[in-house]
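Input: structures, listed below.
Paired with chain B in one complex and with chain C in the other, chain A is shared by the two complexes that follow.
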Partner chain A sequence: MKIEYGRRWQIAVHNSSFNYKGMLIGLFLLLPIPAFLISMMIGTFPLTPGEIVGLMLARLGMDLGYPSVYETVIFQVRLPRVLMAMMVGSILSVSGAAFQGIFRNPLVSPYILGLSSGAAFGAALSLGVIHWLPVQISAFLFSLIAVGAAYFMATTKGKTPVVSLVLSGVIISAVFSALLAIVQIAVDEKSLQSIVFWMMGSMNTASWSKLESSLPLALAGCLGILILRWRLNILALGDEEALSVGMNPEKYKAIFVVAAALAASSAVAVAGIIGLVGLIVPHMLRMIFGPDHRVLIPLSITFGAAFMVLVDDLARAALGFEIPVGIITTLIGAPFFAYLLRATRAGGWE
Partner chain B sequence: MSRGIEIKNLSFAYDGQSILDGIDLSIERGAIVTMLGPNGCGKTTLLKTLNGLLRPKGGEVIVDGRAIDRMSPPEIARMMGHVPQGHRSSFPFTVLDIVLTGRLPHISTFSAPGERDEEVAKESLDLVGAGHLTQRPYTQISGGERQMVMIARALAQEPQFLLLDEPTSYLDFKNQIGVLKTVRKIADREGVTVIMTLHDPNHALAFSDHVVLLRKLDGKKPDGNGDGSHPHRANVVAFGPPFDVMTPMNIQEAYGMEVELVEHNGRRILLPL
Partner chain C sequence: MKIALYLAGMALCLALAMPAFGEPVELTDNLGRTVTIDQPCHKIVFLVENALNTYYSVGDPQSVLAVGNNIFKSELKMPFFEAVDPDFGQKGKIGFESGLVNLEALAAEDPDLVVLWATSPEAENLKAINDTLGIPVYAVFVTSIDDMYKQVEDMGIISGRVERASDVEAIMKGYMEEVTSVTDGIPDEERPKVYWMWTDVLGTTGRNSGFNDIIYQAGGINVMNYWDNDASYEEHPPVPLETLISLNPDVIYMWYNENLDPEDVINGTDFAGWKDINAVKAGRVYEIENPFLFDAFSPRMPMALMHLAKNIQPELFADLSIDDKLDGFFVEMYSVHYPEYEHT
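After this line comes the complex of A and B, so read on.
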């Protein structure tokens, strides 16, 4: 009886929910717009929606008599920060969703192949030792080196089994953590402080130049995943099942790892290590819309942007001082992760 | 041009260990061919060389007059559907989403499935009697239903050949028969040639047009120690209609165990002694 009831309920939801689901998808696709406007208003220097529109017009050449401090706050500080938070949120969510598809497990993060450890070491190297090397570039390069090394280590005879990838990711992370520790021991206190702060992840160093330099590769990675997203459905079924319909799973694993790593490295390089966003956002979306990557990937882009920028609002405006946003996402994310772990029994890992 | 699958002097080895040797088979279109034999005899390996997933050490596979190793994976996938052994998914994809992935060989690199693909997927589900499952999460249906869904996925490839690797394993008695009856129906109605591996000799007897009975290679050089009865130790014990192949003598040869054959109302059953 109970089962029968459950079935009927499901069928009823399906029949009545077709348009409803479409509407909800539309709503989630538009979320970044209100999130953007709200975030532009919030801050130590609050603005009304009218003022935001007015300032935008002023920027376009209309003199509406706003004091120039407004312009500095909004265009040099708040706007780049809001845009960067949105970009980073999108990237972490999309690459998280892609990695989860590749690994056939809803609980992996974009950092699973040692990306964050590599980035942290790269950043530390630049902040503490090789000062002429820009942090962003160093973090970006070393995060890619880490992912590349993990992928290479896991590949034998042209095949890259998922379990080998997980293990090589663990090893590479450990290696870079050890290297990071060496740097941390060697440098002076001031450098150490900036290394620790970098690792917590924050948007407060946002600038137009950071945005401009990270956008091209981030965009390329995200677009690649977006275009090929249906193929993640096939990859997520397993290598055998991909082969049986004529797909080369190794080729697509490599394509998706490269795209996701390029994007995630660009994000980590400008914002530091922001934990668990790449896990929470795709998972919330899966709970509402199901696991189909044709829907999941575009929604990860928009919902990831909205989520991240709102959490960053919290980070900069909730208290009198700035809290690194990585701390907030981790503190929100950890209980959520624990809940998922128990609810899905380790994500149904074989 | 011959229609069907020609296997010529095929051999295969894993890490130097010979698994398949001297296999010559000719499979005609429009039949159900069952491969049967003890664990480790190379049934699955043989099945995977047919659609090019494994590359043989020697010999060749020719499908409808074309060598399989000269065809691209999507080309092969349009011709041959394949259901690998026991599949499970971590993600609760809907049944329709799973079956849609079978459309891959018909979809170009940068596109996703369209309306026609969805139609084909739904037709395939109807064909295996799983049309009512379309929107159900794959993780919540029964093992028997899952097997039907995976067969529907292979049918969505619109193949001429269907390769099934142990389609009845992990299923209960009723579901085993259900799957085999569906396979029979697909072969008869759609004219799809089915090549499958099975574990139960009685299923092979009841549901196939031809049986390939295989034995395990003993891995040693074929001179033997006094046992002169196998001049060359190839895998195939017998190949032909089930009644001819499934004799107690052949079963003894393949499995090394004694069985008796019981006839009842024109049906044959093999019973272990």
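After this line comes the complex of A and C, so read on.
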């Protein structure tokens, strides 16, 4: 019965009038706004909604005489964290959607090409061995090295078959996991603790400087995917179909992989490994709106941002102490993924 | 008659020689487990560094059979270990794989006793060594200053040098009292609120922790005592930054951190959100710069206490010079001079 219900829901959305579907798309596109406002009201520092609105007005020139610590909490602690959570959510979701399109596989996440293993190794290297190397830079570099290695391993005679790409991603992941294990064995307990904490993923060290350092690549990657999104519909049909309509599939595969990897690496570098967001958000949207990437990509950006920031609200305020956000995304994501598998026959792919 | 005297003499000799052959004694470790050992132990493996430091102040270095290869910042400590135990370089080194001790390497050493860090009687390493190899295990889990004194006493029992252990405890207490005699009477409301920063920055020391006690004895009060959350009682709770800002500590004390300096906390761009915290505004951010000298959970605890006290209560301890104390302390505790580690 659930399968029927899930499919009926999807069919209902597709068959509904343009206005209804358009309204729903509009609603999802605007979701980050209420999510942002709600998130700005949540925190462990005692501030009333009135004070928060007052502080925002103060930025526009109205001095309402609030203590400077209020401004620090809102503009130096809460705002960069909320924005970073939204940015990371957008990036992981949009790169997940792009990878799923390229690979024509619903089980793909942004981490399929070894990005997370590479980043974890890079972070571990910095935290446990090469202390002068900043964690963010090391994680970013090694995540790109991993993706690059997987891509070049899979490319033969100018072609990059999807199956080869998946397999090389698995191999590269395994190699970096083994290297990570070596670092973990070699380092002291305190470094090991830091590595494990980093790997759980967290926004608790969000700052403007981190946001500024990752934003350019995040924007470049997301914009690239957004602008070229209609080509994902053709890539999702397969290489032969793409060639038959005059599109060079290898060229666009490479463009999408580079754009998604750059964006996802910049997100992982600042927030650690946050699991399942890149898998479940595109799935949720595909279940509701279907597989058209022209709609799916912009919605992944906005819904991913809203989803991630609300999950981070739980991580930082639900119990009064910090829980790594990666734990919550997994705890929410895993049962939802199980539901999707049962309710929609592979999450809207059939 | 002669035969009777001869037999009585033999019996007396045997009785006197008994401790050398090993006399079974029971002691309770930090997890409340009863450990039965032959006193004195002659072949001990130390998989935890703080107890090794304690043992070297009390026992015979020849009884240390092997040590774990997990010594934090070992390059900093090697000259000291080699001074107090000339054979240290040749001792066996027991490795770990993903936190699990190498059982075969340990079994090959054939120790009488293994001393390790464990937070629970169900800890994997503890059970593996005790149950699988059948070797007695003394578990170390220091969560208070009293645990540290108990460790000194227990190392005295293990080494069969109870009197020396009493002396070491008295030496430590003597140095500690130089600080506590000044700070004991300070009311809580007049103590600076101290945030202890572990290397994970927003991870701190909870109310049920050894550093909570050390901070108090140094004349401050752990800021976690003002956090109304059950997490504040944990040994190492994570604190949301907004909570830390609202708790507003007067002093921030950093554990030794290779990636961060007090200046980064005071002026670093990544710490812009910290700028309204009293400690940052007043520039009162300090770091344990030497994790060997000021290791609070080793017999050098009094030196760590003095380090904290000088920064937490600078006016009360303006005349206290730690540099002047170090040499005398090392001589009394380890019979070596500091910093050359030459024997007395």
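Just so we're on the same page, the second predicted complex is superposed on the first by the 314 of 350 C-alpha atoms of A that agree within 3 Å, B and C clash if a C-alpha of one lies under 4 Å from a C-alpha of the other, contacts with A are read in each partner's own complex, and residues count from 1 in each chain.
To be clear about the criterion, contacts are C-beta pairs under 8 Å (C-beta built on N, C-alpha and C of every residue); 3 or more make two chains touch, one makes a residue touch a chain.
All figures in this text were calculated on a predicted structure; none of them were measured in a lab.
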Which superposed partner A:220 touches (first chain B, second chain C, both, neither): neither
Which superposed partner A:25 touches (first chain B, second chain C, both, neither): neither
Touching partner for A:166 - first (chain B), second (chain C), both, neither: neither
Chain B versus chain C as contact partner of A:290, first or second or both or neither: first
First, second, both or neither for A:248, with chain B first and chain C second: first
Touching partner for A:56 - first (chain B), second (chain C), both, neither: neither
First, second, both or neither for A:236, with chain B first and chain C second: first
First (chain B), second (chain C), both or neither touched by A:190: second
Contacts on chain A seen with chain B and repeated with chain C across the two complexes: none
Chain A partner contacts - residues on chain C that touch it in the complex: 70, 72-73, 96-99, 198-202, 229, 231, 237-243, 245-246, 258-259, 269-273, 275-276
Complex contacts: residues of chain A adjacent to chain C: 43-46, 68-69, 72-73, 76-78, 80, 131, 181, 184-185, 188-190, 192-194, 197, 204-205, 207-210, 316-317, 319-322
Residues of chain B defined as touching chain A within the complex: 51, 53, 72-78, 81-85, 87-94, 97-98, 100-102, 104-105, 110, 112-113, 135-137, 139, 153-154, 157
Touch list for chain A against partner chain B, complex: 10-11, 14, 104-106, 227-231, 233-234, 236-238, 240-241, 243-248, 286, 290-292, 294, 347-350
